[in-house]
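Here come two complexes built around chain A, the first alongside chain B, the second alongside chain C.
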Partner chain A sequence: MAQQSLDIERRSATTTPSPNMRGHVAEVAKLIDISKCIGCKACQSACMEWNDYRGNVGTCDGTYNNPFDLAANQWTVMRFTEYEPPGGNLEWLIRKDGCMHCAEPGCLKACPAPGAIVQYSNGIVDFHEEHCIGCGYCITGCPFNIPRLSDADSKVYKCTLCSDRVAVGLEPACIKSCPTGALVFGSKDDMRQHAAGRIEDLKSRGYKNAGLYDPQGVGGTHVMYVLPHADRPQIYAGLPKDPHISPLVSLWKGALKPLMSLGLGVIAFAGVIHYVGVGPNETKDDKSKVDKSSEHRDQ
Partner chain B sequence: MVSISRRQFLKLGAAGLGASSIAVLGFSPAAALAEAREFKLTRTTETRNTCPYCSVSCGLILYGLGDKAKNAPSSIIHIEGDPDHPVSRGTLCPKGAGLLDFVHSADRLRYPEYRAPGASEWKRISWDEAFDRIARLMKDDRDKNFIGQNAEGVPVNRWLSTGFLAASASSNESGYLTHKVVRSLGILAFDNQARV
Partner chain C sequence: MDNEPMIERYGTQDRITHWVTAILFVLMALSGLALFHPAFFFLTNFFGGGSWTRILHPFMGVLTLLSFLLLAARFGRDNRITEADRQWGKHLGEFIRNREDNLPEIGKYNLGQKYLFWTLVVTILLLFASGMVIWQPYFAPAFSIGVIRIAVVVHALAAFVAIAAIIIHIYAALWVKGSIRAMTRGKVTPAWARQHHATWYREIRKEAK
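Entry: the complex of A and B
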């Protein structure tokens, strides 16, 4: 299959270069227009259907959030927020939550399992669960709190942006189902243009702070939002204003990693030098002979 | 039994620990190449249909397993919107997007069943039995309650004691036929569930 050995931008815990000679691959993006979403959850259904997972039947907590949260078998959820702007009318904010497919993915950076997380040249960040060791470091690494560890198989799952569909030239399942056109899919440039038109429209309707959510703290994302209140993304069920990969992950996988490798090398080298120069510890009292003589004594 | 001295045991232990440490550090043979999920519809049979739920009647494509070869009974493995449909243009609502589980539901009605008055159990009956019973009951009820003329003597030919419910996913042709049959019997209470 083309996507696994070709067109790979990055691969977790791999120092050898990934095959990425083909530079002429368009970056794709999903655009979520919050102002058009009616919260029907068709995308949730379509995602479950295409990706062959089914969650348990949930319960009602008095809100429209159902299921309440992402899970290993729930890769996208609608998050409903009742927001009262100062001096304005109630706004019902509905945000489709799921993997943002960051250009600089914190999950991939934190992952210690070779090949468990790959980033394709088109921008999709995909989990290959058969290589996953279930450590959960990607959950720590993710600035958006997206990956979920499965209780059943101790592997981590999240949205794949339907990499299997995109690889054959189709849009992701959620995009196709969306009845209001709140979800759009295409090249990242096209999506930026589409968003610009929507933002202009929203501004003409009085949403002065309408804007595109494509946070640069993670190098931009391949899932972008059109937010009517782009100055306050937090009101959309806690969308981070300026997401970054945790400094601990950056330190551990950045500055500390070569130091640790160096330390390990020095220790191994010193061991070899010690063996050659000083030699192993010799003991005069040979226990095995004593054992044999004691066996003779027993007979 | 092989006897291992304390010294040999420690040597073996150290060697094992060293080897496994080296393997963990990445000197083990490379694992098989990651297998990304293959596109599952490559050789499926596409069949057009209409969503059965509401009167919008969105277009569907049913993806059937197999190539219709005689020995491989087909089965629907995936359903998504039909982009060529002028109304829905490929989109679906959450109910339509979940139709696969509706098709394969364990609770789906597959054959006629009858529950006698007072009985708590449904009993499977044959299609012939079902049609005979429906026809018999309809005929008896119509003979008893058919109104040929109203009080002023105007012919009205109506049958008010029986209603008819049809399906929203019917084609125009079957809708036309259903309408003709039902109206020719004099039934006025005739509806399909298209507004659900």
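Entry: the complex of A and C
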């Protein structure tokens, strides 16, 4: 969503600095405490309401997942997993899925359209759909499988972390709606501290592997989870254990681009040098070579 | 005989197929490069903006493939690599320096031209296959993100090789005088044919008798 700002860390497909003269904006974060979530989906509703989108009425697959997946008009979904720890009781794991707002966003790295993806100084990664060309490269670049291309307009959409609300000092809509306090929002430092207290509490209650999910493979995220089983994030509906930008994407958008661009320039320039150095290959009118007959000379 | 006639190298259909393919290829290279690096993004202006570039590129790609296949069907036969070509290849350094006295006689194409031909056959097929995989919104959703990641790298690499090969191809045409007329007007002088493709020249002469 477009948000006029002077506090931009970086923009997609842009090789010059972004407006960032202040340089003292605090990083924000949303903390999702999985141990406190009851799966009521108030946050899903609040997101629909504030951002004013409505998904199509879908079908029911017999689980609580509804809708099943993210969509251009569904920026967050609750993913339910019935998990049986070895020798333990059934646990009902509920993870609120959506954009993680990576410090090193794979979508932004992959995007070819200048300014279609921006990262604000506060850490929010936002799509500016009016600059999006609909190529889907961001989907290819994202380590969390978040962006969705809209059928309606061939633009991609995802959670904005309510950049519009945050810009005027409000918290994101989902945070406002959560009845249990599973969702909290603030500076990233405060959220880390808050999480530390929660983790201590979980450990004292027997969750010895409780921990914070702030994966360093993507430079940390601005949406973090408190996980009761932080040693196995995968059990939470496939949350990746060590997410990072795929080496293929790094190759494609890293070394290849400048090397190949330079390579083409060098090859073209080599032609100029050759022509100037060696000169054109003229038809020499050399009759001895094959047989005797006279010729016109080529121009 | 003082007025030995010009020799036909490319018929009208050959020439039309070549130039249709050439124009499409240039459009493909420009619209593809536009999305490849921010330094080239301005090229989207030639195609009506970023979204139009993204929309047009793959459709033109399908036309490029069809047109290139026609071209390959016409030119493929003369591009089979022979022993004479390998011998000629050993003298490539002399050829590049315009020293042609010791070059072995060859047929309609030299080894460099033949390599160009086969490079394009391989890269255009790769570009087509990988291009389909990343084509939004029609075909890409049918592939997993892992496959799409491989396809974008293949597409970028194949495009680089193809464009590099075409730059060399265009340069060679500018460098060897008389070549451009062969593809625009279809005819070359007998001297040109003898100097660059003596074996081919003899075949033509034999047929003419």
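By definition in this document, the second predicted complex is superposed on the first by the 261 of 299 C-alpha atoms of A that agree within 3 Å, B and C clash if a C-alpha of one lies under 4 Å from a C-alpha of the other, contacts with A are read in each partner's own complex, and residues count from 1 in each chain.
What we mean here is this: a residue touches a chain if its C-beta (ideal position, glycine included) is under 8 Å from a C-beta of that chain, and two chains touch if they have at least 3 such contacts.
In this text the structure is predicted, and so the values were computed from the model without any measurement.
Contact with chain C, but none with chain B, is seen for A:I139 once the two complexes are overlaid on the shared chain. Contacts of A:A26 after superposition on the shared chain: neither chain B nor chain C is touched. Of the two partner chains, neither chain B nor chain C is touched by A:I38. In the superposed model, A:G263 makes contact with chain C only, not with chain B.
Of the two partner chains, chain B and chain C are each touched by A:P114. Once the two complexes are laid over each other on the shared chain, residue contacts for A:W252 go to chain C alone; chain B is not touched. Considering which of chain B and chain C touches more of chain A, the answer is C. By the touch criterion defined above, A:D126 reaches chain B but does not reach chain C.
Contact with neither chain B nor chain C is seen for A:I273 once the two complexes are overlaid on the shared chain. Once the two complexes are laid over each other on the shared chain, residue contacts for A:A196 go to neither chain B nor chain C. Counting contacts by the rule stated earlier, residues 114, 131, 264, 287 of chain A appear in both its interface with chain B and its interface with chain C. Partner chain B is touched in their complex by these residues of chain A: 1, 3-5, 40-46, 48-50, 54, 114-115, 118, 126, 128, 130-131, 160, 163-165, 167-168, 173, 176-179, 181, 264, 287-288, 291. Residues of chain A touching chain C in their complex: 13-15, 112-114, 131, 133-137, 139-140, 145, 149, 151, 154, 246, 248-249, 251-252, 256-258, 260-261, 263-264, 267-268, 271, 274-275, 278-287, 289-290, 293-299. On the chain C side of its complex with chain A, the touching residues are 1-4, 34-41, 44, 49-51, 53-55, 96-98, 100, 134, 136-137, 140, 145, 148-150, 152-153, 156-157, 160, 163-164, 167-168, 171, 174-178, 181, 188-192, 194-195, 198, 201-202. In the complex of the two chains, the chain B residues touching chain A come out as 5-8, 25-26, 31, 33-40, 42, 78-81, 83, 88, 90-98, 100-101.
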